Amino acid sequence: MKFSFKNDYSEGCHPQILESLLRDNLDQQAGYGEDDYSKKAKDLIKNNIEVQDADVYFVSGGTQANLIVISSILRPYQCVISAATGHILNNETGAIEATGHKILSIEKEDGKLFPSDIIPVLESHQNIPHQVMPKLVYVSNSTELGTIYTKKELEDLSAFCKANNLYLFMDGARLGHALTSEISDLELKDIAQLTDVFYLGGTKNGALLGEAIIVNNKILQEDFAFNIKQKGALLAKGRLLGIQFLELMQNDLYFELAKNANQQAMKIKNALSERGVQFLSDTYTNQIFPILDNQIIEVLSEKFEFYVWKKVDENLSAIRLITSWNTNNTAVEEFIKTFNGEL
Amino acid sequence: MKFSFKNDYSEGCHPQILESLLRDNLDQQAGYGEDDYSKKAKDLIKNNIEVQDADVYFVSGGTQANLIVISSILRPYQCVISAATGHILNNETGAIEATGHKILSIEKEDGKLFPSDIIPVLESHQNIPHQVMPKLVYVSNSTELGTIYTKKELEDLSAFCKANNLYLFMDGARLGHALTSEISDLELKDIAQLTDVFYLGGTKNGALLGEAIIVNNKILQEDFAFNIKQKGALLAKGRLLGIQFLELMQNDLYFELAKNANQQAMKIKNALSERGVQFLSDTYTNQIFPILDNQIIEVLSEKFEFYVWKKVDENLSAIRLITSWNTNNTAVEEFIKTFNGEL
Amino acid sequence: MKFSFKNDYSEGCHPQILESLLRDNLDQQAGYGEDDYSKKAKDLIKNNIEVQDADVYFVSGGTQANLIVISSILRPYQCVISAATGHILNNETGAIEATGHKILSIEKEDGKLFPSDIIPVLESHQNIPHQVMPKLVYVSNSTELGTIYTKKELEDLSAFCKANNLYLFMDGARLGHALTSEISDLELKDIAQLTDVFYLGGTKNGALLGEAIIVNNKILQEDFAFNIKQKGALLAKGRLLGIQFLELMQNDLYFELAKNANQQAMKIKNALSERGVQFLSDTYTNQIFPILDNQIIEVLSEKFEFYVWKKVDENLSAIRLITSWNTNNTAVEEFIKTFNGEL
Amino acid sequence: MKFSFKNDYSEGCHPQILESLLRDNLDQQAGYGEDDYSKKAKDLIKNNIEVQDADVYFVSGGTQANLIVISSILRPYQCVISAATGHILNNETGAIEATGHKILSIEKEDGKLFPSDIIPVLESHQNIPHQVMPKLVYVSNSTELGTIYTKKELEDLSAFCKANNLYLFMDGARLGHALTSEISDLELKDIAQLTDVFYLGGTKNGALLGEAIIVNNKILQEDFAFNIKQKGALLAKGRLLGIQFLELMQNDLYFELAKNANQQAMKIKNALSERGVQFLSDTYTNQIFPILDNQIIEVLSEKFEFYVWKKVDENLSAIRLITSWNTNNTAVEEFIKTFNGEL
């Protein structure tokens, strides 16, 4: 069996979660998120973000979170602004459009949006009422390319959105990885202050499933629960999500897991860099894109699974390596040794 | 802590499922339902229904299953026919309409649809193109009232649908309970033969979450997977659903669990019947609706949780009791004794 | 050629409208409703309803008006309340549901909604967030059965809606006929005061096409124009609608046309009543539903076109007769004489 | 009053249409497109395209036609491919997305799509089921930039679409102008042979309103009428559309009107070319984009209305001039003389 660096959702979940599921299994609880575990987990999250009047909802996955948040916020003629690499644009089978909303796409090499990217979009959408109205800015942190926002960047973006009557929504499927990156100067509470709504990804950070949607903007909180149910996302046994986030948010387990993923990726990055390897983008989270000789790629692929991301030239291609909460030293060291020709 | 007869999703899951999750937890698997467990579970289901070319998909819950199936099948101007008690009509926050489709409602005391119920609906929808086109018949088995279809009834309905170019879709959130009812003459393979698409409910029968959608009709199979993803229902860790259905479908665990729920309900039903209690409807599954004196209801509610379903007259009300895979003799006997005034 | 009493849109338009189209035909004007005619027509309407800050939009037809208004007002999980006879329920091919919204139906023999009809609907939709949220009450005046609201009835309904946070929307496809009915005590300005949004039907009252949507509620005015465009309802040559409403709203032509339609219907009603004919409902607008002997129906149908509406018993059926702005004395008298056996 | 070259829908309609409306005004006819005029007009169109089993539907405008056709054809997860200049992408307030479908955009300077443009889109949408499925190619002829397809180009595109299971839909809002362009080698019947569905624009070619949707593909014909009604596009007085297309399609009036528009544009183009003016694109229809000195633009704008389309450099800008069926020699000559400094 080859070790897989294909993604961060290859394994089950952190063992502590399973223990907790076992321990509380036969405890009878109210359904649909009204269970005690969900309530406690929501309180923990609100403490962590230091916003007591935020609303927290647990749903099963990222696409679901994205379509619920966006369709809940926008009126029929309003649209989303996203970097062209945005998950909602390329990897969700038109889930957002299926709820009736256009996504305006901005080409960005690093997958990050700045006010200067958004201004021309606003300027070219002034032919009222013949064009959609841009109303929500969708960003991912870390992005689909592994890059992250600095505090200054997010503050600027947040201020710009407020000044332009735009909502700011952060897809945090890998928010743990972003916040625990060695170069990050953002904390979880900053995210809550600077966005109108965001989510904290569990699926890619040690949970069996689950994303915690946090609605900070009071206006957007109104009746949000209806959308969760209408879109088929309200689990009867909401305890399954509650128990998981309760475990993850206690004692900083969530951040430890993300940090491990980042560190393992950085080990590989550093080892390859030392050997002169270039990278498609300079990332400090759990996704790295080394540009390798095709022959080496072939050797590596005999022992490891990963995606060949992009052909660079006749001899070179970038591969994508993703590490997870569970990626251990053995796999990482073996990868490096194989690369170095030591295995 | 009072024992709850409020529903069949108060507890976690059958312990065997948790054991299996534990055992396979760190096994790396492909995402999005391409894992080995899901594949095996699908094969098991196809063997059980004796239809090798059926398509099987696992999703998280009933509302999700309903909206995916219906929106996948219907063209924009086509609509659903449902009994007025249908879950899609009253309990899903307009999830079906949110995908663009009207539901035509038929008042039926027992929650079951027969050809004679549907004929007038077809006859009153002939003003083309000014009316929606009825195209799919939605039935639940067991129904929201705990009643079930006989083989003859389902055969007639199926033949009628075929003759009238209607698709037949069975919501099987409690299909296990229907099939293991002491009065049922239907088997799982019959359901596959007689419907175009149906699902096998896990959430209400011992799983943490999960419904298995089975698409029998070849035409409806085409591209079905796209809808699952688009509606946000494709779990990254599809293994979670695969492992559960693998456990449930092995060694008839699924049917044993449902049978237990039914039997416990029947024990209460019989004990109360012996004491002359009347029931709102004559059910043989895990939902019963005894009509009790309000004073007795008050006494019972001190020890047990349940819903008061319907006021019958000044002194009497029907309550709803739901038993689950995990309802044990202790709770049932205590309930009966309390009713009998022995406790 | 038989004279048709089938509906009020069999002919073209009032000749004055064609004259005006001819006169202004080659005048170059801005498109999309920004033409001078539309502006003047909107001012006229605002003067007539005595609400200077209302917003007025012209669209092509009733289904279009209904779907634009409703989809503009409601958030995804909100729904409409309508009498079961409502045009949106039976005659618009699911147009409202196609925009994502459920319609809750209330059986009413006369097609009119009162607070007492709505209260139980509100009471049975309290299971948050598992049910749709009732938010808009849809009424027609005159109704699909030709009945009308009294001032008192509309005031009560309006107050009830305000008290319950419901929007009140009046489908005025035949509002002219309602207001000019001999028993009406409502004026156009009352409608504007008592509803959040309504429309003034042109198509069924002498225009080639066109309904004037009037948005009174300031909150609902915001960005309304976007929905008109998005739903394909913004005519490039908006002048066509502007010119027509300019003609209709000048010198009370609109009300004269409706009054003529009503009067001709009343002539037939009175003549038949004198002969002892019963009616399905007691209407005072341009729709009447006499219950006639099948033999007489056959005789009449040799000379006139109309719908046989409902079988009453073996010998009797109700027919529907609709008169229009253009129905003249000759046709009416001939109908009466034929009925009387004088022809 | 300045003469306007802003668009081709500034005036009313061709006088012959008004005469016909006048002549037939009081003739009673069936509603909803079942009138004699509509039937005759449809027959005429079928004769003109030489496809007797095509289905023809009249609707009010281009956005309406686009959203009806596309939402009728596509299943929920399927999407449209369009040039970035496509009207559906930029000028319809997200009308297509509002029906649930994504539009994939291809940057093309001339607004035309070739197989080589589409191939990479197909290749980059193979991650089933995580991406939308491209299913329909949307082209305009003439395009939003005034360019047109040659017969060879359309044949290649049509063959490519067939080979790749893509539907080909032509937006013919200005199809008359395309077909009567001095460089066109396409005829109306070719369009019918080479597309699955297209429409023939009336609004921009002498009608008050109206586009004739022609569905050639038998599969797409099924139940198409329901969508027209559901989207609010079925006019009660369908005669208004029937009479207009009857006039336009008789004696080639439709093509004469388009030819006049083209010829007047070409006169200006030629006159300006002779003086050395460059154009943004080399068009042979009724849209031209001369690049002029800002000072000349200012002089011209004192006498004429037109859009300044694009800033080219400090001194030069492209303007857009659109001529119509009604643009006469006087206006054209005056424009040329003004340009030449002779006025």
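Each chain carries a letter (A, B, C and D) given by its place in the written order, and its residues are counted from 1.
Note that in this section a contact is a pair of C-beta atoms (placed from the backbone, for glycine too) under 8 Å apart; a residue touches a chain by one contact, two chains touch by 3 or more.
Just so we're on the same page, UniProt names per chain: A, B, C, D = L-threonine aldolase.
Quantities reported herein were computed from a predicted structural model and do not represent experimental measurements.
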* **Fewest hops from subunit B (L-threonine aldolase) to subunit C (L-threonine aldolase) - one hop per pair of touching chains** => 1
* Asked: When C-D is set beside A-C, which has more C-beta pairs in contact?
  -> C-D
* **Which listed pair, B-C, B-D or A-B, duplicates the contacts of A-D in over half of its pairs** => B-C
* Structure fact -> Farthest chain from subunit D (L-threonine aldolase) by C-alpha centroid distance is chain B
* Chain centre separation in whole Å, for subunit C (L-threonine aldolase) relative to subunit A (L-threonine aldolase) (CA means) -> 51
* Length of the line joining the C-alpha centres of subunit C (L-threonine aldolase) and subunit D (L-threonine aldolase), rounded to whole Å -> 34
* So which stretches of subunit A (L-threonine aldolase) touch two or more other chains? -> 76-77, 92-94, 98-100, 129-130, 132, 226, 229-230, 234
* In their shared complex, at which residues does subunit B (L-threonine aldolase) touch subunit D (L-threonine aldolase)? -> 32, 71-72, 75-77, 99-100, 128-130, 132-133, 223, 225-230, 234
* Asked: In the complex formed with subunit B (L-threonine aldolase), which residues of subunit A (L-threonine aldolase) make contact?
  -> 1, 3-4, 7, 9-13, 15, 18, 21-22, 24-31, 60-68, 92-95, 98, 203-204, 208-209, 226, 229-237, 239-240, 326
* Structure fact -> Contacts from subunit A (L-threonine aldolase) onto subunit D (L-threonine aldolase) in the complex sit at residues 76-77, 79, 90-94, 97-103, 105, 127, 129-132
